[in-house]
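Shared between the two complexes below is chain A, which has chain B as its partner in the first and chain C in the second.
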Partner chain A sequence: MVEYKPQYYPGSSKVAKNRKKYMDPSYKLRKLRTISDDDLVKLMGHRVPGEAYKSVHPPLEEMGEPACPIRELVEPTPGAKAGDRIRYIQFTDSVYFTPLTPYMRAWMGHTRYRGVDIGVLSGRVPLEARERDLEKVAKDLVETEIFDPARCGIRGATVHGHSLRLDENGMMFDALRRFVFDKKTGEVVYVKDQIGVPLDKPISVGKPIKEEELREMTSEYRVDGVPFREDKEMIGFVQRLHMLRTEAGFDPNKVKGI
Partner chain B sequence: MATEKRMFLEALRKKFKESPEEKYTKFYIYDGWKQSKRKQEFVEWGTKLAKERGIPFYNPDMHLGGIPLGQRVLMPYKLSQTDIYCEGDDLHFINNAAMQQMWHDIRRTVIVGLDAAHMVLQKRLGKEVTPETVNHYLEVLNHALPGAAVIQEHMVETHPGLVSDSYVKVFTGDDELADEIDKRFLIDINKEFPADQAAQLKAAVGKRIYQVLRMPTIVAMTCDGGTMSRWSAMQISMSMVNAYKLMAGEAAIGEFAFAAKHAEVIEMGTLMPWRRARGPNEPGGVPLGYLADMCQASRVKPEDPTWVALEAISMGAVLYDQFWFGSYMSGGVGFTQYATCTYTDNILDDFCYYGADYVKKKYGGFGKAKPSWDLIKDVATEVTLYGLEQYERFPALMETHFGGSQRAAVVAAGAGVAVSLATGNCTAGINGWYLSQLLHKEEMGRLGFYGYDQQDQCGSANSFSYRSDEGLPFNLRGVNYPNYALNVGHQSAHTGIVQAAHSGRGDAWTTNPLIKIAFADKDLKFDFTHPRLCFGKGALREFMPAGERSLIIPSR
Partner chain C sequence: MAKYPDKVDLYDDRGRVFASKVPVEALSPLRNPAMQKIISYVKQCVSVNLEGIEKALATGEIGGKWCIIRGRSLKLDLVKNADSIADSLKSCLQVTKDDDTEVKVLKGGKHLLVKVPAKRLNAGVEYTTGFTATAAALCCTIVENFKVNLWDADLVHAAVWGRYPQTMEPLGGNVSSLLSVPQQNEGMGYALRNVPCAHIALITKKNAMNAAALSSILEQAAMFEMGDAIGNFERLHLLGLAYQGLNANNLVYDIVKENSKTGTLGDVAVSTVKRAIADGVIKPLEKKPSGYTAYTTNDLNKWNAYAAAGLLAGTMITCGSARSMQHCPSVFIYFNDLIERETGLPGVDFGRVAGTGVEMAFFSHSIYGGGNPAVFHGNHIVTRHSKGFTIPCVAAAVALDAGTVIYTPEKISGVVGETLSEVPELREPLRYVNEAAVSIHGGI
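Moving on to the complex of A and B:
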């Protein structure tokens, strides 16, 4: 039997290749900036830096769990072992050449991380996990190439902005103005946490990625970038998927060739 | 299509006062809610009324801890294919009397056949039924239906000034009989419909005669949909007793009541399941094909089936998304913001006409091609790609439909309507819709929200399925179909997908000829021939509804 090799995603275009790359956990995401652990904790706003994690149940070791083959099979994450609360980080990604689209955040999250629950909406993607696990995942999500300081936003609520035009500094709209462009340093600075509570000190998340670089890195098809129309393999894949589902729903005996 | 021919460009320029192709703009400079005249009015009233009632009231400073609405342009909306611009607030049904009246006119309508009653009169009671007796009965019922006594003594009655919108009319497919009905009571099929449509409708109705009963709007406002057939059945039975000089209470009268309440009744909406516990004649029970038939655009402009579908879509948006999902199911006010996407700014119109032109050029006209995989793939893919490309070419368009569900609904509606037009088959149309949703999701890497996408990701599989609880002929689906029970933002377009298939091939109706005829009635308050224009009049506060209570309340 041929060894199974995940393909992750169809398509022949640059965008499709980027999608495959981000979803493939063997590809190491490029680190572009450093955000201190404490600053990340402040941005998320779930606890004060240095504060102990709150727990919702005793550590698993103390709980005397029942015999269960699934529990034996699945190693709990550190947060689950400790009984941490489930907390969140949520992102809004602009339609203008951001590295990740909402579905990409979910697909990539599920291939790379354990113990995460990711929802997908057009204008926001919440990722929930046990708190200490969340902080590890969030580090990747903010420090690496999948985050652009200007066109990705860390937003718990009032996420409006993904589809709006960009402001004069190339920043995505944010009604709460949690982040601002510092013209002196050329960096994007958060002045409020993800839910909109003012921070004691501004937190820099670095310089915006240049548009020409974003166009190379993006996982978004766009008519003014990589047009979906030109990725014939991708379109054919979706059409086939739709036909198979339709025929299976009408009469599964009609489905051939899969 | 040449850029300047895009139908939505004029609205985009007016909304943003900037080039629709510009990618950059300024935010946070618009003085919040003060940029909106309507919000200013709200603040003025809120402040005044807070003082009067002594309880805090409308106060935009409560928004986001003091950050008001309007950090971006609070854009106006154009009612598609009209000259009317209004503010988004004017399209919430609370603020729009025409929208309320559309729903009230639907809810307060019941169709009741007369043939069973006539049979009882003739065969069981030995009474003669002639056009003269029918006219007399209708005059009695026009007295009784709004809430007046016909056989009792010392009875309370309703004030005619409050219920003047209540009446009964009849229609038949028999021209000879129709000729003998008093014209004040007749919905004249020959007069209301183009000749070819009238011929189809008369053939469907045959010699049968049906009553169309409109209960008072004030009843529709204060009671539920289940009230309507009870109200009408009581007044029908009383009027029969009066008009034909019958004994009140003999066994045969029970048969009138049964016919009027059950056997001959056509409700506008079916019962809802217990988990959504609604009676008949509620918006959730109105099948897509019934709503398409209530829309009368097809009889005033049959030569433009795309326009006909778009008018039907606007009714679906208001009834299903704004009334049903937005209020009955969800509560709150958010759904209006979302639902307007299908009937404002000529955006869906542009996508649908693009699809229509594509179909005409490639398939030789509407309803000319048989449904096939090649056609569905070709048409749905082309219209989907066109729609997505417009959002990407015109950043102001993307900003107008700022929610992914709006874009998903509008793009898929264009695809579904185009497939329906090409094939005259709305099941093929809905299949095209689902292909569009899957293409959209992969292209943008985003679609709607959790509850929006779910149905679309399994919709391919149920589009041609006829298994119970999973499939149903598309005309008969609606939000009462299990998989569409929470299918917000879809049913408007689905109404148009049904309509496009039938108007594309020149059908006089989509699903029920009786409903099509019942709403071909100039005495209805809402204009079912031009719903978008009528919603616009409501937005401009130029629409006069029924159900006003000024006669029984103190003057201001």
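Moving on to the complex of A and C:
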């Protein structure tokens, strides 16, 4: 058997390497800030900190499950076991050198976390999971290097802003003004939760990452950064895949050794 | 003489080997007697909601919700007399005394499971005979047994047939079949694809392996009927049905087992690639400057079957660990993205499953609303594009849900799923198809 090691992502550019790094679950994401559990719960706005998890069905042990070999085999997540509701955290990522592109959120989310439901839309990426599982995942998503306080937004609704110019403080536009730049501390502060409901106390998510650092960390191809077309290996990968899909649709038996 | 050289080992839903080196053609809808029986039963078996008819007659609410004819009602004890109705219905439907007609009384007389004799279907060209014969015979039976007069017979007709023929389908009727009326099929050969996943999950009593198997049999049989599984494409579908739907070589079960405790969707993609390399289905083509290795294959049909089996395993891990059906469209897109990036080879159905996932995600999650996965089927406008490789995974996801949706499979399926789960071949298709494959093995 050929020695096989998961490779996650093709491409020779810096951006491709960053993509590969974030998607590889053996790479530990750098923690850049600490957000308390209670603050995170407040930011998402699904329950009040300390409040018991609401459930959508009884705990699995109580309700009993149908006789199914797959249910017997597959260990439910803690949230599923308890019958938690399914809740979400949603992000908007600016087109200006944020650590993750929308698609990267899905690829990375599925290689790192179990039992998650991620969708990619034009300007927003929701991640849904059982509530207590979601809180665990959300911690990673907000506390580590894949989140830039100024250019990533935690936005449940009115997500618009990913493709607009940054303001004078380098902040992504937010029609609901959920986050503000505190000039005194140099930190980004959330004054509303992800839906836009005002918070009792502002929550700081730390200082924005510097532009030059972001340019090193980003997984976005950009003409004024690392252009997609300059990553020949990546372009070759996409073109080959397109060719194989098309050839296979014509006659799968003719696709041999190419 | 077999057309294709492929042989597979057969396993049951718990990963126990059943038979070795069975030609893949023994698992073809064109050859396997159990599959043909399943397809026949789908046409022949019809469910009757006697309790519903009784209620409709008592209240005058006939032909759909809120459609009440004031002052018109009939008090008939149908449920109490279910046994005698069943006997009369059977003799009315029988062509000859010893034919295969069956009428089974279920739930203390509330429901009937009717099997219309094959002879009636053989004497026509439409699968609707199952429905029409049952509905018409039931009207005759009720009118006869309960001495309904000329002036009330129309009420019985409306309670049984619903608003049909004013509506295209029997709206508000109390006789139902797995198959929809032909006008609701998206194109030629779509009939077997027009079965919502809610029915499949309930018929198989929420056993995810059997749900996937039944769905795969119906989808892939439809591929033959649609004109997809023929010529250059026949082997693609045969291998897909065997590996994804019927757990050939225990591929699905093995991958699920390997990732059952902590595995992510990404881990499932990696396990699938590992197995494909180990079995010689794919091999390295070239190493790129970055160190990335692109893979190639000499058998794209088999690679597709492996990827399809991985897709089902990925659904079972993701939807299974969350005990939630809503995750499945996300699996369809990103499992394929991940496995394509892992190998450089096309994902399941050469991109069609990923595309289906994008649409299904929108129609099951977004501002559009749409519905939960239980309402989707292979004839649905947003999930019909993959050639039989998506819907088995949706059926498995619905089976694995612990109760996260507002409109439950039970509510969507109504009487049909529950009633048809009484048919052993539909409830446990994996077992019966395996047995049948072994029985014809020598002939291929």
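FYI, the second predicted complex is superposed on the first by the 255 of 258 C-alpha atoms of A that agree within 3 Å, B and C clash if a C-alpha of one lies under 4 Å from a C-alpha of the other, contacts with A are read in each partner's own complex, and residues count from 1 in each chain.
As a convention for this text, a residue touches a chain if its C-beta (ideal position, glycine included) is under 8 Å from a C-beta of that chain, and two chains touch if they have at least 3 such contacts.
Worth saying up front: this structure is predicted, and the values here are computed from it rather than measured.
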| item | value |
| --- | --- |
| Which of chain B and chain C A:V116 touches, first, second, both or neither | second |
| Partner chain in contact with A:F91 - chain B first, chain C second, else both or neither | neither |
| Touching partner for A:Y190 - first (chain B), second (chain C), both, neither | neither |
| Which of chain B and chain C A:F147 touches, first, second, both or neither | neither |
| Which of chain B and chain C A:E233 touches, first, second, both or neither | second |
| Chain B versus chain C as contact partner of A:Y22, first or second or both or neither | neither |
| Partner chain in contact with A:R222 - chain B first, chain C second, else both or neither | first |
| Residue contacts with chain A in the superposition, chain B compared against chain C | C |
| Chain B versus chain C as contact partner of A:F179, first or second or both or neither | neither |
| First, second, both or neither for A:G257, with chain B first and chain C second | second |
| On chain A, the residue positions that both chain B and chain C contact, one per complex | 103, 119-121, 241, 245, 248-249 |
| Of chain A, residues touching chain C in the complex | 1-2, 4, 6-12, 16-17, 23, 25, 56-57, 60, 63, 65-71, 73-77, 79-80, 83, 86, 103, 106-107, 110-121, 126, 128-130, 133, 233, 236-237, 240-241, 244-245, 248-249, 251-253, 255-258 |
| Chain B to chain A touching residues, read off their complex | 22-28, 64-65, 67, 71-72, 373, 377, 381, 385, 388-389, 392-393, 395-396, 398-399, 401-405, 407-408, 431, 434-435, 438-439, 441-450, 453, 458, 460-465, 470-471 |
| Footprint of chain B on chain A - complex, ascending | 19, 95-96, 100-104, 119-123, 158, 160, 162-168, 170, 173, 175-177, 196, 219-224, 227-229, 234-235, 238-239, 241-243, 245-250 |
| Contact set on chain C toward chain A in their complex | 13-15, 205-209, 232-233, 235-236, 253, 256-257, 260-267, 270, 273-274, 277-278, 283-285, 288-294, 296-301, 304, 316-318, 320-324, 326-327, 329-330, 333-335, 337-338, 340-342, 344-346, 350-351, 361, 365-366, 396, 399-400, 402-404 |
